[in-house]
Amino acid sequence: MKVAGFGEIMLRLSTDVGKMILQSDSFNVNYGGGEANVLISLSHFGIDTKMITSVSNDDIGKSILRYLRSYDIDTNFVTLGNHRTGIYYLQVGSGIRSSKVIYDRDNSAFCNMKVGDFDIAKALEDVDVFHFSGITLALSNDLRELLMQMLEYCKEHNIMVSYDSNYRAKLWSLEEAREATLKVLPYVDILSAGILDAENILLMNCELEDKHEKLKYYYDEISKTYPNIKHIFSSHRDIESSSVNKLQCNYYTNGILYLSNKINIDSIVDRVGGGDALSAGIIYSIINNKDPKYVCEFATCASALKHSILGDANLVELSDVEKLMYEGVGKIAR
Amino acid sequence: MKVAGFGEIMLRLSTDVGKMILQSDSFNVNYGGGEANVLISLSHFGIDTKMITSVSNDDIGKSILRYLRSYDIDTNFVTLGNHRTGIYYLQVGSGIRSSKVIYDRDNSAFCNMKVGDFDIAKALEDVDVFHFSGITLALSNDLRELLMQMLEYCKEHNIMVSYDSNYRAKLWSLEEAREATLKVLPYVDILSAGILDAENILLMNCELEDKHEKLKYYYDEISKTYPNIKHIFSSHRDIESSSVNKLQCNYYTNGILYLSNKINIDSIVDRVGGGDALSAGIIYSIINNKDPKYVCEFATCASALKHSILGDANLVELSDVEKLMYEGVGKIAR
Amino acid sequence: MKVAGFGEIMLRLSTDVGKMILQSDSFNVNYGGGEANVLISLSHFGIDTKMITSVSNDDIGKSILRYLRSYDIDTNFVTLGNHRTGIYYLQVGSGIRSSKVIYDRDNSAFCNMKVGDFDIAKALEDVDVFHFSGITLALSNDLRELLMQMLEYCKEHNIMVSYDSNYRAKLWSLEEAREATLKVLPYVDILSAGILDAENILLMNCELEDKHEKLKYYYDEISKTYPNIKHIFSSHRDIESSSVNKLQCNYYTNGILYLSNKINIDSIVDRVGGGDALSAGIIYSIINNKDPKYVCEFATCASALKHSILGDANLVELSDVEKLMYEGVGKIAR
Amino acid sequence: MKVAGFGEIMLRLSTDVGKMILQSDSFNVNYGGGEANVLISLSHFGIDTKMITSVSNDDIGKSILRYLRSYDIDTNFVTLGNHRTGIYYLQVGSGIRSSKVIYDRDNSAFCNMKVGDFDIAKALEDVDVFHFSGITLALSNDLRELLMQMLEYCKEHNIMVSYDSNYRAKLWSLEEAREATLKVLPYVDILSAGILDAENILLMNCELEDKHEKLKYYYDEISKTYPNIKHIFSSHRDIESSSVNKLQCNYYTNGILYLSNKINIDSIVDRVGGGDALSAGIIYSIINNKDPKYVCEFATCASALKHSILGDANLVELSDVEKLMYEGVGKIAR
Amino acid sequence: MKVAGFGEIMLRLSTDVGKMILQSDSFNVNYGGGEANVLISLSHFGIDTKMITSVSNDDIGKSILRYLRSYDIDTNFVTLGNHRTGIYYLQVGSGIRSSKVIYDRDNSAFCNMKVGDFDIAKALEDVDVFHFSGITLALSNDLRELLMQMLEYCKEHNIMVSYDSNYRAKLWSLEEAREATLKVLPYVDILSAGILDAENILLMNCELEDKHEKLKYYYDEISKTYPNIKHIFSSHRDIESSSVNKLQCNYYTNGILYLSNKINIDSIVDRVGGGDALSAGIIYSIINNKDPKYVCEFATCASALKHSILGDANLVELSDVEKLMYEGVGKIAR
Amino acid sequence: MKVAGFGEIMLRLSTDVGKMILQSDSFNVNYGGGEANVLISLSHFGIDTKMITSVSNDDIGKSILRYLRSYDIDTNFVTLGNHRTGIYYLQVGSGIRSSKVIYDRDNSAFCNMKVGDFDIAKALEDVDVFHFSGITLALSNDLRELLMQMLEYCKEHNIMVSYDSNYRAKLWSLEEAREATLKVLPYVDILSAGILDAENILLMNCELEDKHEKLKYYYDEISKTYPNIKHIFSSHRDIESSSVNKLQCNYYTNGILYLSNKINIDSIVDRVGGGDALSAGIIYSIINNKDPKYVCEFATCASALKHSILGDANLVELSDVEKLMYEGVGKIAR
């Protein structure tokens, strides 16, 4: 099995714990982007992965290549483009203070990709699952057009499609998101979307009060409209502080909504990429034909572990996740 | 509106998390002092500020000048004196282990200030609020004399006076503190003082058991004796550990005691300066004529946010405090 | 009073918080080993200490000498051997992710020690308490033989013997541990052993359900069989996460099992060495003839404080432990 | 005397010594831009300074404000614009390996400035010297137009104009530079330009072989054409390696070319900003009416000292430069 | 073209500049080994590479995998073995103080490799050049046997063989080295060996005084005895201090000895791996059919640049080396 | 043989290379003082050492105890006094920029020592050599009085006395120094003093032009006046820059002046303590009865090596110095 991702990768510049950007004499250097984050986690679970993207033709772009390769991701379809690499600054919060992200991503090499930049058939010929997010959709018309051609190819070649809605108000309006989403949903097999996506983007609504009943109702509706979508999931997060969250995964398949145990995550080190770690957990479980209960528990544990690791990517292995899942948090592993 | 502060600024040398001084190969460099801490926070809220102090005429003193200027504080009345800059070492605690402060502040440039060192009228001519603390009072007779002349000037020119009692047993006895306090209270408009100050310094007592009733009683007494004091406040802290505190602000005005919501602060990064951040929140709210409920909630949120920031000073902006106040601790701000 | 320890000291290479070994550009350098950890803590409590061990004859071995001396430990019986210094890598966990230890300790200078390497009588002539652990027993036949001669000497010269069972499955089988343990118990005065040790190594069992009743039962049995063992203790740990534990000490003497208060330890910095800090607390209290309640409370507080300090060793002083014991976790110590 | 600068300030992200960008886990954070660099150095020499620029309205832009204010630079004409802050990455060279700069500066807040953004008369009303560089000229037509209006104002109000040619091939062609340069030279009093500027931009040439004779010839020509230009200077650098350079300043006034002593600079820490430190040295000397020999020696020493300081800016004081100038490099200053 | 390397990779733990191991609170983490160093440099020159080795099956071994992959090296024949990863400690010298290496490499996964561990034909089927060193030969009889089978395969399949003599007295005696060397030389095409190798290992001698004449004589002799060896090279280093060296390459082919220019390398950052960078430069040039003058100049420049980079590996690209070769050390590359 | 030192030890706070104090976010922590520096170096040469001093009774003082003990220095006569520990700030220079020291040492625990603080007989009973410096003399009258009693004891008990003149103009006038020096010289066996000391303190003069002849003349005079002084030495330093010095030692005994080879020290890491390393080299050689040529070469090499090590103290061993002395600076020690 091989999973491909198509999306942007940015340079991430983050502060040390307890430091505001205003006070920072140095930034920690990482790289991140939703689709790459998913692939890196999958690679640690033993899945073959391939990234399709474009980065700047300079030392920053080459550092991203180095980063992807280090995690054994196929980079044959990562081009060194003529534009810059986007950046995001992360002011790491703690306790009562929220983390803060500042984007400086305009006009990046990835934003400037368009139909014809690469041979879609070649890029996807050895691929079993194709993953992308709403952020890729939001970045440009050219990207949307390119993406639709890739989705067509997937449909024709039985490549499973995973779509993470991930709406970002700073990138596009709800109307634009709706229009694009309606176009891509008929191609999707695995969907990451929650109540807000259902209501704000898909314009659904219902009078159910209970959160999970409401979610079930929306997921039923989505399944009816798009019978191709066989897996829908989202997570719920109780935020006590920037350092303490409770996490639960909602996973829907074959008309049933499964809820994982709630995991209490304290001493959070880095919350960014928690959603991508969840997606990777879901995709891993699905392509390994795990039962639905496993799917949502595994994904929740995977996502929870991500919160303890600096950087966007989840670097734990299969055995680490299953150990947490079956034995709980424990003693020092000696 | 312009707020002036008169007090000492020290070099602060602190350990990394989890390290004792005994183990430390390096110290983090910051600068701090109650009055300066208040000004820096006010400056981030958009208030004009001015520091009146003296530091050593060397690179340490100049670094303090640089530090104050960087936060847009008027330093025209910061002199480079002939004595050293005081130091405090901070061994940062965590969890069950308390933080520890070692002072090495004797014979500093500030301690050696006296009447005649600067022109009080010039220093205060553009000032609306004058802030000082009990520490300044405690340091020397010369300083006390100088301060009394400044308070006289404030009274004559309708400059609002803010006084933070802040008793430190290592600096003077309760008797000395009482004598000095009784002299300054007739000049004060805004007073930071709690139950211990009332009982130990002002020799009040009452048989009420409830903490808040007792506080109300003392504040009533203080108001009666000193009708000039229109605002009194203090904070209450439930200390679960060095890393987890609950914080509540008590704010008294017009005969009514307002209590803020209790805020749970976990993963505390740096507690030093939490009280100064509270004072800045109170002063900001008062000079902006906020209603009493706002005053105490704003100050509590401001102080709580300080706990997440390295260094003595609160670097958050108005919008950060109000966001916490109205929306609670939340998602990553993107 | 002088306490000697006989055991291995390793170079410890640890990651920064939030970093996996896979991501680490640097390792923090510390040194550790159960017996040395106990001695360092005792030295901070004002007890004379002496280490008996062997390290590599190179800059790593000399760094260990420097480390021991810095804490005022007598190193006259630390030899620079012809083999390497063992290493352990510590990937520091946080929150939901457990810490992980990788040992690379084979064929170390200590493992290669044997009878005749030093003059036992000279090494122990000024010693009042002799401390060693099951790890030393596990490392080689030569070490076991050497140890038995040292225990004989202790018996003949009324040197109190403290033994920390500390079973490690990676070093030897339960059978091997049983055989060695049965040989050393007749020499022991102070024993650190818990329910698992009683059941798995000593093959005890009982039908009591309650954890403390069961422990009491086992400790009674051990006392009956080995009347020489006058103090037995263990700790119990409720693990909420890698960052939050609750700790309680069980201390048995004269047929009575004393339980300390449970201490909630949050924001754990470094859990390694927590057990050694407990042992040091017990030994300190016993040689100072403290009453049993003090013994277990003091040891628990000592161990709890260790969790807030980087490195294997507990660096707090007597007054720090007693302050936590009598006043609880508190304000900044100024 | 007050000196104003008009130019861009970028975030500078640099590697540690010996590290390539490809290997870097963190970047050192500084801020830099030719005009700001000149002002910061002048401020350390005791000159009043004012920056006119625009930065992003986010924490990066505010950090630049903090940076400028910390060095006592008037920031009343620094606006928080609607565009990003430009970035430059600096891979620090050493020995045989050259430093490398990667620019990511397109579409910055400064690039987007235009006539009408601020009131030129107000910005320059208290200014005695106006400094700008060819980089500002190169960035956009709007900036060129705005600059011409500022130069007109300077001429009308007897504000001395200092222009640093500083041609950068990546920003514009020689033809564009020529056209712009010819427009600004009639306004200039102090010119930084070397042989390459004379030949490539001003299309001068001569058959003299000796470097200094040739320079003298060009400077004579420039003076004849632009009698307003009363000071011309440049530096010459013998590059032994990235770590060892020899530096000499050429200063021309009243028809005479003065050459400074050659200074050998070894163990270079940071060469960026060396030219700006030279300009600051020249401007300082001129506005203090120093004799020509002092002018070029002082500027050379100032520039040389800059090479020993991390970051773009020269932070030494007047007395540091004069000490090097009169006493040479010396013992530890105690 | 694809180059394979067969050798050990160790964890490298190094001190910061100016720190002795005795003072070090942290070690910088890198990975190194002669053959891997050569491959990483070749990979940066655009050559396909493959590593054949074994590392420990733990996070240290996996970090080495990550490291190799990050530089695009084929790791399909890197196994995770049942033994440890070797370590070397590097105390970085500076100026008058030499760097110091302490090895702790016994009983590593690589040392334990033997015939049958992998399928030689599969490992070498796509390989054009095979590189190994005397260190690999020295480590064990099993490795020597395995290596001889690999060399046989190379001979049969026209794979070019590159051998770096690299005698280390701590690993084996001159007699052992001689015996092994005589066995491998008949298979070698490219040989790295100097005067000491010729005299001490090959027992050659001559009465020529001039260093280069002597070298030419030995190289002539070697060529005569082993006509298969078509390229021989070595470097000469004038050591002024740990921070300043002069480097020259001696390259012999077709009976002619070519000498490169002497390059002065000051401010040396990290000398380890300089020889491997030279080998990579030679191999790159040979497989690209460069003329002999280019071969030795390119290799010298490559090796010189390595001295400016932290870690064992040379990370510069082709264009960086050629720039130094054709333009010399220069200005900041903007 | 045991060497005792009597002097002050300060906390040393230093900047990173290339950073001014003004820019520093952290300070490196070391401890230093001339006499302690000499003892630490001697301890590394295998000599027994004892420090007599007083430090603050807090974590800074205890860190100094830890520091001394780590290097195996007898601390039984280091008291924890009632006053502060002095501090010195070191702004590390490089290249053209000199290092800069700021003292903040007034009113330290050591300065407050006086006769009666300890039992001189006990302190010196096991001592063979007593070392002190002019700085100790300069600090207070009480110290001078105490010192004279110690010198009396030395004379009576045949303890060799080593005195390092080390005049510091900031501490006392030349007149005060002269008076004190004349009192101590009759007790001295080993004297560190140079031309400036002879001329400015001892008021000698001569018309010889040659530096070495002049020194010989002065040393002859000193020997004649004080026949007890059997060894006199000083060093000469050619300062090319803060990073490059040439060092030579002048050693006089039995009427002959020996000059060491000049050693070129480049890439200087830390020059502070270079003189103390020289003294330690001299003392080591004398008490080991080395011949005069060895004495001055050994001391020069020891001092040169110190320049490559961070901190005040010379941490090299005997074999390191002799290796430099006999083999010169060399290859990597593997």
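Note that the chains take the letters A, B, C, D, E and F in the order they are written out, and that residue 1 is the start of every chain.
As a convention for this text, a contact is a pair of C-beta atoms (placed from the backbone, for glycine too) under 8 Å apart; a residue touches a chain by one contact, two chains touch by 3 or more.
Nothing here was measured: the structure is a model prediction, and the numbers come from that model.
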- [ ] For the copies chain D and chain F, give the interface type as same if over half of its residue numbers appear on both sides, and as different if under half do.
- [x] different
- [ ] Select the interface copy of C-E from among A-D, E-F or B-D: the correct pair shares over half of its contact pairs, counted by residue number.
- [x] A-D
Open item on the list: If I average the CA coordinates per chain, which chain comes out farthest from chain A?
Closed with: F
- [ ] On C-alpha atoms only, rotate chain D onto chain E and read off the angle in steps of 5 degrees.
- [x] 120
Task: Cα-centroid distance, chain B relative to chain E, in whole angstrom - done: 63
Task: Gap in Å, rounded to a whole number, between the CA centres of chain C and chain B - done: 45
Task: Two or more partner chains touched - positions in chain C - done: 17, 20, 22, 25, 66, 100, 266-267
Task: Footprint of chain B on chain F - complex, ascending - done: 13, 20-22, 24-29, 58-60, 62-63, 66, 84-85, 87, 89, 91, 100, 102, 104, 106-107
Task: chain C residues touching chain F - in the complex, by the definition given at the top - done: 66-67, 69-72
Task: List of chain F residues in touch with chain E within their complex - done: 17, 263-270, 304-305, 307-311, 315-316, 320, 324, 329-334
Task: Touching residues on chain D, where the partner in the complex is chain E - done: 17-20, 22-23, 93-101, 103, 168, 170, 239-244, 266-267, 271-272
